[in-house]
């Protein structure tokens, strides 16, 4: 198993873990955490792909993509947490109701 | 060659250390244990990075170690604040 | 051989920690684990010859995100227990099939993992990518570090839009709080002496490190986003220590800080059109322009991330009217 | 774009279309402006249609073509059968407009009413002049949309329910029509209406598909043409104000369906080709069933407008029947009935509206002796009713005569039986009210007439005029430019001698 | 600044910066000015495309694969025009909608609204001209964050929760998309769509799995059934102009990316079963969305559920692109889908704006409260009606043409079952539009006081509605533009008629 394959496999595992967490956990903060884990999986795959193709340096394009991705992820996370906080203020819970109509 | 084996061995050892710390985070029993274990991450992380910098021949990793050290302090502050902040029970947050 | 051992242990423990992050019943502990996972991921980036990403992960991924999450996790234990109870007593069909949701979710997640594995195995054996192309063109880009040349020259357009995403998130947070600066957000009241002291030490250190990372970004790993994130972390620390930080900025200054980088790209892009294309700066001044842009990125990233932290974490319990003023015409 | 003479069909549409839009934006109290616009547009339209008839007989060609989408054009073209329909519509529009102004005096939402009314007529004109199927579909659906607000104009629960029924039927029909038309285009390409049919050359190889498409097209057109069992909306829609009933049931909607059947059989398939696909006999049978069924149901109705509605179901199928019988004489019968039934039925609805508006009479059982109070109205009603039965020399006789002759010619002897039965039934449901009105003694004291006339002149004149037209169309059927004359012109084109 | 691409990107983003920094009441006017300017730029680009064929642009002078290239063909040009047209009118509308200076909170709303609004416009423009997999990701992300922020602007628990759902779904979707992009980069080593299209061919599993990830992510963003649950409340709780733009444009943006990738880049990699599956999900979306729209009691929720249904139509075009043999129907299916996108954008924009007007005037948007709307807000009723026509796909609306083309494709590619779905969808949409229209026609008691509505709000929705109608009256030019750089040809040599 090469380094690329190892980390690519880790990406697959992390993806599944994050997805499961996103589906199963009802608390908004944890859903966001699940999404961040999925994000880590995606970044891992990209960097592994970059690693596979390295001359003097690893492929810089996926690196740039991941840097962008990390910034985007932190933006979305912060927005989500701000929303979650406001929802808690308004409704007293940090979950979303199970069925859509209940509001 | 020998050098490389030694360095990677060292890195592996430090990583195992890290994992041991994680067990403390999970097991507790008090939040104080958890926080100390978390502090250990920072220190051990810096160590691993420095070792890897040698082993992989990437000087830039020392910069990463620098950032690690800085942020470990920050994380500790955040822990303390979070445990001490309003709305948390004072009792458990030893320190 | 041991090299592989490092990777295997690292990968294995990352997977386990991720799993524990989601399983851990107590939110706070889960967040601590999340930060630990970020640190370990940084090591993984190092192993994958991506020191830039390791820096960014340490500063943003584990650092700021972790602190954000930790702060979000400050809920009353009782409240959380009640919510958990509500979660257990779910409505509808789930009551009849307890655990069905979990089984389905697990099956879906596993299916995704399997499919991903297949895809990864199926990827072509020979390396494919843009390493060569980047190496050939790097000279024309004005900087000597490949990642920076991609970020700030070849694909500067993406970077600009990414700065836009960061900016929009900040604008969104402000919009959610119905305010134009963060003065209404809560600052920490009972400060701790030790924190004040720490902040005084760390702040100059952080500025120094940030400056170093910014400067070195043109020829070695490091760069504007990482530097900005470190400054942001310092600002956050100030906030935690009871200083006003970004919350002290007036509407205009906060706005200017948030907008600076996006506007700078816009201006550079505009000037570029006189030479040819939008965002064109291949000429001799390329390096200068990149340095200038990076400087604006440092400032904007620092202000924005700190503002996001202040906005996302703020409680409205003791907030001023700006937060209180909610829309009257609620459509329900 | 617009070729020589193309302005004519376009401006015939525009007279009512533009006026309709202007009326929408008129403030409610501006009655004089609105009435003036309405009457002016209606008169202008009649003049333009008259010019078109004159020009067409002289051999002029009027055609307006607009690029629509891909290889399809919107095509407005003047031909004989479109003139027949347009002539009928434009004349009746004028009369119905006058009638509606009188009928809706002092009621709310008149701008809305007349706006949609004008759009309705525009759509009808569009149907008349549509030169290909896509244009036809376009205006056919526009008609559906524009009539809905008229049906629900009163806004009552009953009206809304009727509107719903109406929409369910017509939207369903419209969707099926669209499918059929698209299907036809996929096998035959963009086709334009041509007398005697165009499919024999374009797509004769696909006989099964053509049969199914025919069924789909007739089925969907049959909704508006009220073929059994698709007639359900028509009696329900009676809740609409009388001018709407007059317009819907005599002219616009139901005729659009019947006219569509004429177009499909004579101008798309061609009756010989359709007959060779064995499509016309089933059509004739369905039409016959509808004729008898409609008459039987009409017998049982006490509500005058419902009785008239079922009578419409029955009478309309004369047109379909005439189309389904191969041969020029039956075709003449069908086409001339298109006009005659329109004129006669509009008379009857005007009269029913007069009775309801003036005396509050809605049912047949209340008609005793009403003719003494409203002699002009009941004279008109009598002429219309007798015409429906088919008594000479009123218009209905001419149509039935040609239908019968055509059936004989085509060896459809059983059709005679249907016609005879239908006439008997017609008599059975029209004679009692006529008899009661003229010869029975009133049961109640009717309120006295408001002025010299038995009711407002705006209600009376249109009824009298259409009654006179019903009479003249029959009595003077032989003169040039009479409906019969034009229908024969059409038949000559469809069945070249 | 000699290229329209530059203006398309520069104007809205510069506007976003300026309106964020500069205080003052001129903000909304500036926004309006910039949307008009963007429309001009889109027009410029469209005319370049029209005259010279597809346009490319290398940002920073770096050609692909290393740099990012922009690209515009007829499809991009049309969508850019649609975007700026809808946003211009919605900006007009917001002049009235946010003019409630008396209420401090709404003034805050307006201040936050304008810069976010311009960023949204900029990100839509960026997306429609992008030709780079990763750049598309960033553009989608910009769009999402701006959209979420705009939804949350409405304030209140409902809007916040709706915004949260939207954000979570879109965040997950982005990551799925990015995972697909990572795999595609691993496979092809480039991000430029044109370069990938050269390299892509059916066969290996990795690109297929990558595509599955990409389409899944985009399907969530496009609210494809069963990933639509986030949409109705997000679109219904936002401020009216935001609802309009989210439903009209933002959902379409995700679909646009699917369309580009599916048709232009990976045409050989996607299989017929995948196409049928996409169609089946689309069909399920049509039925489910329509049923929900029939059940809802709130106007804006009905309109939002209808978006789920209408998005379903778009996915029908994928199975229609398959089929045996060569035929012009592929163009019909593709162009029909695109045209539906446009027509629906205008119609749905008009509907949401009209719904917002009603909410503004009445204070709530219960359907039962809409009674007497024809009297209180006649212009809004008219725009409601016209937009309803377009939603059902009746002529003469652009959706009718779209439906016509899709039906043609179903029949020519011998997939009649999709025709059934289209027909059923038409009737169901007719049913829910009918609910709204009939409520408007019920006279009944009016609310005692209605807040006066600025005229500009009413006319903005009317113009949008009329545009959706105009698309149905003249489709020749849009289709000609659409054919520039299209993956299919209008007429396949030697086939068809």
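We call the chains A, B, C, D and E, going by the order they appear; numbering starts again at 1 in every chain.
We adopt the following convention: a residue touches a chain if its C-beta (ideal position, glycine included) is under 8 Å from a C-beta of that chain, and two chains touch if they have at least 3 such contacts.
Everything quoted here is computed from the prediction, not taken from an experiment.
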Contacts common to chain D and chain E (chain labels): none
Required minimum of steps from chain C to chain D, each step between chains that touch: 2
Chain whose average C-alpha position is farthest from chain E's own: B
Pair of chains ranked first by number of touching C-beta pairs: A-C
Furthest chain, CA centroid comparison against chain D: B
Per-chain Cα centre nearest the global Cα centre, belonging to chain: E
Separation of mean Cα positions, chain D and chain A [Å, integer]: 67
Where chain C and chain E are represented by their mean Cα positions, the distance between them in whole Å: 30
Between chain B and chain A, distance of the C-alpha-averaged centres to the nearest whole Å: 22
Whole-Å gap separating chain B and chain E, where each centre is the average of the chain's CA atoms: 48
Multi-partner residues of chain C (at least 2 other chains): 47, 49, 73, 75, 116, 120, 123, 128-130, 134, 150, 155, 158, 162, 165, 168-169, 172, 176, 315, 332
Shared-contact residues (touching 2 or more other chains) in chain A: 15, 32, 45, 49, 52-53, 61-62, 65, 68, 72, 75-76, 79, 83-84, 86, 103
Chain D, residues touching no fewer than two other chains: none
Touching chain combinations (by label order): A-C, A-E, B-C, C-E, D-E
Residues of chain B that touch chain C when the two form their complex: 4-5, 8-9, 11-12, 15-16, 18-19, 22, 25-26, 31, 34, 38, 41-42, 45, 48-49, 52, 55-56, 58-61, 63-64, 66-68, 70-71, 73-75, 77-89
Residues of chain E touching chain A in the complex: 66, 134, 138, 141, 144-145, 148-149, 152, 156-158, 160-161, 163-165, 167-168, 171-172, 174-175, 178-179, 181-183, 185-186, 189, 191, 229, 232-233
Residues of chain C touching chain B in the complex: 1-3, 5-6, 9-10, 13, 17, 20, 24, 28-29, 32-33, 35-36, 39-40, 42-43, 46-47, 49, 51, 54-55, 58-59, 62-63, 66-67, 70-71, 73-77, 188-189, 192, 195, 198, 202, 205-206, 209, 212-213, 216, 220-222, 226, 230, 233, 236-237, 240-241, 315
Touching residues on chain A, where the partner in the complex is chain E: 15, 22, 28, 31-32, 35, 38-39, 41-42, 45-46, 49, 52-53, 61-62, 65, 68-69, 72, 75-76, 79-80, 83-84, 86-87, 90-91, 96-97, 100, 103
Chain C to chain E touching residues, read off their complex: 115-116, 118-120, 122-124, 128-130, 133-134, 137, 150, 153-158, 161-162, 164-165, 168-169, 171-172, 174-176, 178-180, 251-252, 255-256, 258-259, 262-263, 266, 269-270, 272-273, 276-282, 322, 325-332
